[in-house]
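Chain lettering (A, B, C, D, E, F, G and H) follows the sequence in which the chains are written, and residue indices restart at 1 in each chain.
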Amino acid sequence: MVTWVVLSGKFDVFHLTLGVISCAIVSFASGDMLFSAKNVSRVPGQWLRFILYVPWLLYQIFRANMHVMRLVFHPRMMELINPQMVKYKTRLDSEMARFIYANSITLTPGTITVYVSLYGSYTVHAIDDLSAEGLPGEMEMRVAAIFGE
Amino acid sequence: MDTLISVKPLIAVLVSLLAIPLIGFSRSPNVREGWTFLAAVIKFALVASMLPAVLHGKEIICQVVEVLPGLSLAFRVDAFGMLFALVASFLWIITSAYSIGYMRGLDEHAQTRYFCFFAVSLSAAIGVAFSANLLTMYLFYEMLSLATYPLVTHHQDEEARTSGRKYLLYTVGASIGLVLPAMLVTYHFTGNLDFSPQGVLAGTASRGTVALLLFMFVFGFAKAAVMPLHSWLPAAMVAPTPVSALLHAVAVVKVGVFSIVRVITGIFGTDMLQAFDLSTPLLFVASTTILVGSFIALSQDNLKRMLAFSTIAQLSYIVLGAAMLSPKGVTGGMVHIAMHAFGKITLFFCAGAIFVATGKKNISEMTGIGRRMPVTMTAFFIGALSIIGMPPCGGFLSKWTLVLGALEADQIAILAVLLFSSLLNAAYFMPVVYRAFFCPPEDALFEARVQEAPLFCVVPLAITAVISLVLLVYPQPFMQLAVMSAAKVTGL
Amino acid sequence: MSAHFPGLVIIIPLVAAFLILIGALLDRRLAFPLTALALLGSLLTAIGLLGKVIQTGVVEYHLAGWAPPVGIAYRVDHLNALVLVAVATVAFVNLMGTRELVKGLFEDRLGPFYTLYILLIAGLQGIVVTGDAFNLYVLLEIAALTGYALVGMSEGRAPLSSLNYIFIGTVGASLYLLGVGYLYLVTGTLNMADLAVRLPALYPSKVVVSAFVICLVGLCIKMGFFPMHAWLPNAYSHAPDPVSSLVAPLVTKVMIYVMIRMMLFVFTPAFAFDQMAISEPMVWLAIAAIVAGSFMALSTRRLKRMLTYIIVAEVGYMVGGFWLGNRLGISGAILHIVNDAIMTLCVFLSAAAIISKVGSDAIDDMQGLFKKMPVTMGVFVVAGLSIIGVPPTCGFFSKWYLISGAVAAGQYGFMAALLLSSLINLVLFFRIFEIAYFEPFHDHHGDHGHFVSAVQEAPFEMLVTLVVTAVLLFALGIYAGDIVSQIIDHAIPVGIT
Amino acid sequence: MESLLANFLAKYNYWAYIGLVMIGMYAMIAKRNLVKKIIGMNIVQTAVILFYVSIAAKKGKTIPIIAHGHEDTGHHAVQALDYISPLPHVLMLTAIVVSVATLGVALALAIKVYRQYGTLEEDEIAMRIEEQ
Amino acid sequence: MGFLNVVVIFLLACGLFFFFAGAVGILRFPDFYSRLHPAGKLDTMGLFTSMIAMALWVAHEWHLGDILTALKILLIVAFVFITSPTATHAIVDAGVRAGLLPWTKDSSEDKS
Amino acid sequence: MRFLALITILMVGGLLFYGTPDFPAWGDPESPASLHVSPYYIEHAVEDTAVPNIVTAVLADYRGYDTMFETAVIFSAGIACLFLLRIYRRKSTTTRLYRHNLTGITLRIAKGGKLPEGSAEFERIDSLWVPYDMIIKVTSRLVVPFVQLFALYVIAHGHHSPGGGFQGGVIFGAAIILYAISNDLRRAFRRLNEKAALLASAAGVLLYAGTGLMCLLLGGNFLDYSKLADLLYTDAIMARSHGILIVEIGVGLAVMAVMVSLYYNLSSAGRHDEGL
Amino acid sequence: MIWPVDLIIMVLVMICGIGAIMVRDLLGAGILFGAYSFMMCLLWAIMGAVDVAFTEASVGAGVSTVFLVAAVFRTSRRTKD
Amino acid sequence: MQDVFLYSSIFLCGVMVLSLYRAVFGPTVLDRLIGVNAIGSKTTVLLILIGLIYERVDMFVDIALAYATLNFIAVLAASRYFQKKKGLYDEMGGK
């Protein structure tokens, strides 16, 4: 609903009614996707913690970008980089947590999640040694913290 | 000139068409042939019922529907058309009878189809006879071509196929390729296509155009078998004999020449042709056809082929007559339609009767046949005399008129052609008669049982032969009609 | 209600299309009656419209209530009322005739089939009535799309030909759209009547000239005119039979109608005939089309393929007749649109009947058919005669006008081409008749190994429709004079002599 | 020369669309792969759309949605010259829809062809047809 | 508003620079996997910064409508933050499935 | 072939080139195209229909008839695709593949066979092997509802901002396609099966045409929405505006359904079992 | 009406178009065609045709690319030219 | 400020050219995919920039959002291809 208002930018009755109807349609059609029934109760807390996580993530992303940018403009780039695949296991459990973690990895320094197996083993492609070393790292903890795991 | 408005011509045309479903759905052959007869008789009666009016100089008009601006599907019965219709419808009766004998005698297949298309052809022939304008005539002309196709190819074998092909290609091809454009050009010049006694084209086109048109019309009506376009006719002799008889002695070829004469008189007008001096080439073509056709006939062994070439030659007499542009000539040509029809149909009937009785087709195999089939061969003799133009028969009359016409038109060459061709006619007919009657039969040629053909075959040919004879002394309706129309078209 | 006829004639089939789909989802058997009902309604409306036009002249209909240059308007005059009736008739007759065939071919997809069928008709009828150049494009596309789908729905080479049809058809439509765009660029309007008013001032402009050429080329591609005809034989001959008997009579004819409409009522005759001076080359192209179509038809031994080549030639007739630029020629072209639609319908329907029974469309496989299917073959003969142009049938009369037009315009080449093609048609059809007539019937058909001893007459309803079309051929022929004087004469602008 | 250049610059949109039409047509004629042809077809269609949109364009004018933003003080008279002409846009919406519809049908047919012949190359299909 | 202008321009420039770097990276990196790094990260970042800049610019007058527009821009950013890594992941996963070998120093030395 | 192509395109290019010099300069506000009809639209759209987005107003009202056929075009494309490709035969594969989500073991089960115990942890997969990709699935779970909402917004706000039924419908359809891509076709069928899609597409266009018919029944011309005023309890102008909205909804519904149906058919080549 | 951008995008469009028909791989062609549509969308946005741009963004860039990929998936990627 | 946006967009276009190089000449299909994806994200920004230039951003935001969505879907579909059909070169005879 909030999203609707943001999108619409109109506050007369007519459009709000339309908005309500639309939201009803969407939640009827695909509400089950957004909220899996299991853990509705814990959602608000998670959201809060997630918002706190975001600035840190942004910082990480910024660092990552600086890092990659250095590589990009480095005249002897070929010597610096050393692409490799790293595999390791996480202890994250829920799908959402794994998802956020995976995406965060992709966004952060020199690493891309290649594959997340069924039982939480991550395959990550790292651009150079530095990125590869720092992998399981701090991020996992923080993501775990969000979901209270 | 009085005109009468009546639907009789239309009915006369349609009656045989209407009979088709009856014929087609008849269960037993007898019923079928009964319908055929009935239709034929009604048709003849209708045609004949219009005769008195026509003889009184009236015209009967029936306009059906206007299909193009200034052009309608219309019928008009005048003397010339009457003449032709009379011949055709009368002969249909006789031929029907003959067909029954012939077809049953040979146990032909698909007789229902045969009778159906026969009826259609007759409708078309009468339609041509009564048509009031070129368009209507063209319509029925095409209809006739197509309706006779199944008749020509009745045997459905390879030979029939090739000759059917040839037949269609010549007749329809020429009519589409030559008549249609000629008709259109005429229409373009005149704005209508009605036949009128003095022609409609006069004063609208230049000499070259007229010559071209004339050429297109004369050759376009390929049914008339004018020389370069004649070869379909012998080929079409593969048809059953009644077909050859009626259609190739009467309906089809006569429709061709009828159309030519109609066009020459009704569209071009004799005056104009005279003025442009276009009759000479026409005469030349016709004479050539006569002579060449006769010469070829001389060399034929197959009886029907010989008759076919004879027909080619004889048809050109009619064209010749019309092309002389003199009253007598035209009259002679017109009368020749009737005379030749009776004569030639007799000959064809005889050929068919011989075939039914003996299975022979070639002249060389007919030695002594006259003794076995006296009636048939006597009729053949009469028919031959008529064609040659010997006195006791009607043919003499028409040929005589033609000769008079030639004299009238000061065409000595034509006279020579006429006489010479008569000689040729005699030269190819007489041996047949001679061989039939005077040569002793070779036993090997015939089985002992050979007798006259079935009654249904013999009676018609006897009738026609008798009529051929009678026509000399009493040529009345035909002669009078011909004279009337000739007078009208030549303006004398 | 009659005020809404121009709208209804399209809306009935259109709405019915969706109802048919829904109905077919419920019960497959509903599809056919619904379609028949809708097409019947459309046909009646079309006839009513024609009557109205004859009585009162041009009928205008403003969709959404906006007057023409702003909104879209339908403008029904004599020309399109006539073509409309022809389209509706063909559609309805074909629908009735092919029920069994369709059932056999598309048993599991009757709903979609009839939906597409009726959408195609709606599109074509829309093309005919619309008075808006762009609306025409949309309708063109709807007709084309459904046509592609219907044509492609068959095994064998059909999908490939249909794909080629899509390519070429799309190029044609795009070119047409471009032409309209050019016109819009210089006039600012899309309404045909408005365009006709605003264009004359702009005739010297090169834009108009190129718009003219582009439109013409696009339409020529769509109608399968001679150098651009390559798609047509493939698409039509490989299409399923009930479809080719629908598409072949209608699509090219409607395109020719569009050409006539564009040339006469958007670019006025003064521009099209006088200023552009392309009459001569167009007529020569038409001659080439006629000759080429006829000879290609001679060279094939397959029935449907032969018929499609004949269509190529017939397109040449109509285009050539139109570009003769005189009254007779144009009347002939318009008359031939109607006649050829019925003729082609008749001939394709009987071909469909034959093929469905014989199981092959090779001409050589048609031995003995006169015996086995007398009625069908009879109708086929009538249709053939009409195509050849034998008098009482309608084909003769349009040919008559065309040739008269050619004579009047002094285009003797065109006349010769017409006659030549008539002769070739004669040969073509009699070749078939000969085989069907002379050769004895075989139980086995050549190498197909298809056991067809059960060859017999087509289903009853098909026979009825066949006979009806055959009768129509005669009726059209006999009333050709009336049609011309009552309708076509009013359809042609007065300026043309 | 000068004017030619000026002319060129004033109408480069039109040149571009001509170029695209040519590219698309080339693909449709010269390429033997069916999907390539389909792409070429779509390029032609987009080129036409480009042409129409170019017609509508007006230099320095705003988009055809009437501004009723925050600072509006009631309805002020709408000046036609201030807005880009909307009509071609409407037409082109339709044209885009048509092109996607055509694309869908064409692809469906291509799949059908592939199902039949196992290839999308025209010459290979021709070979398959020959073989049959 | 001079200050805001400067901030916006600065952010925009940063964003553009990120984009530029991303593009160069895509061009320069030796293999598919390493190319994904700049593509996935630098583009996202560039988008982020420039969007922020534009959102700021749009919202500088504090009208409700403008703020909503700015929020919408941020919504795009959020959306991209969800989808971009996913897209990157999808591509890289596709690469692995397709059997594309990652470039390593060793392999390049072998070749050269 | 190539040579021919070159010649053809040169001819076409030359043809197009020929007219171009007489074009008004690009972007010229004074070009005739901008002076005749379109000013009317610009100046009267708001007063006539109360729709500020002129394009929408023209699209759905002034030239609403075009749009109806545009919808019909897309509808017929959907039907055409279905008609061409759909294979109604039962699938011939006798085995089904299942994957155990925890171990990644793939089971092949013959037709009629049963799953082992604890089948909740098994997931049916396509015969072409698909990796287990949690990331994409989660993303789609997050994104799909959002996109759908966005699509509805686009439809509803076609009056004020760019967009409208068509775009919204496509986006909605794209959302479902996204779902189908990230999961598999069977799951998408559970959301929107084939028949429902067909029904929706027909219903959508019918909504459009039905609105037009309603206007006709109420005494106006076809599609003349102002006649709906009584039905909607508004004046004629707002009735036009609302009429446009109704129509847009119809378009959106139809387009959505058709897009989805097209995707189903194309990606599974008509078999409707396994997709992309 | 930003003509320099317009010009550049126009060039890009051309490149994309040529690329899409030149690539010897149908999937690549499909992807490039998607890029082509992106560019087109941009072009129209530049010319002020927002609705058209919107439609093209949703149809050309999104759905038709998906369709192309789906079709290529169901057929073959191979192409000789 | 308009100028700034204008030059930014020109610059962005320039950057797109670079990405396009990868898209057109990328050795493998996936490289093209990367290129196109990169172009997509730049285009999103560019759309909003255009909106700023027109001073009608609110109109362009929707487009940008739709654009981002559909770009994502397209990329996903294309990469899905590889997940289903293993092997990059399996059908590309010779290469």
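Here, a residue touches a chain if its C-beta (ideal position, glycine included) is under 8 Å from a C-beta of that chain, and two chains touch if they have at least 3 such contacts.
The structure displayed is predicted, hence computed values, not measured ones.
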Co-neighbours of chain B and chain E resolve to none
If you tally C-beta contacts across D-G and across A-F, the winner is D-G
Expressed in whole Å, how far the mean CA point of chain E lies from that of chain G is 21
Whole-Å distance, C-alpha centre of chain C to that of chain G, is 36
Taking each chain's centre as the mean of its CA atoms, chain B sits from chain C at a distance in Å of 43
Chain A to chain C, mean C-alpha position gap in Å, rounds to 61
Residues in chain G with touches to at least two other chains are numbered 1, 3, 30, 48, 50-51, 53-55, 58-59, 62-63, 66-67, 69-74, 76, 78
Chain B touches at least 2 other chains through residues none
Residues of chain C that touch at least two other chains are 134, 138, 141, 145, 148-149, 152, 159, 178, 184-185, 190
Within the complex, chain E is touched by chain A residues 3, 5-7, 9, 61-62, 64-65, 68-69, 71-73, 77-78, 81-85, 102-104, 106-107, 110, 112-115, 123, 125, 127
Residue positions on chain C within touch of chain D in the complex are 134, 137-138, 141, 145, 148-149, 152, 155-157, 159-160, 162-163, 166-167, 170-171, 174, 177-178, 181, 184-185, 190
In their shared complex, chain A is touched by residues of chain F numbered 101-104, 131-135, 137-142, 144-146, 148-150, 152-153, 156-157, 160, 179, 191
So, in the complex, the side of chain F touching chain C is made of residues 15-16, 18-19, 21-24, 31-38, 40-41, 61-66, 68-70, 72-73, 75-77, 79-84, 86, 88, 195, 198-199, 201-203, 205-206, 209-210, 212-213, 216, 220-226
Listed in rising order, chain G residues that touch chain F in their complex are 1, 3, 50-51, 53-55, 58-59, 62-63, 66-67, 69-71, 73-74
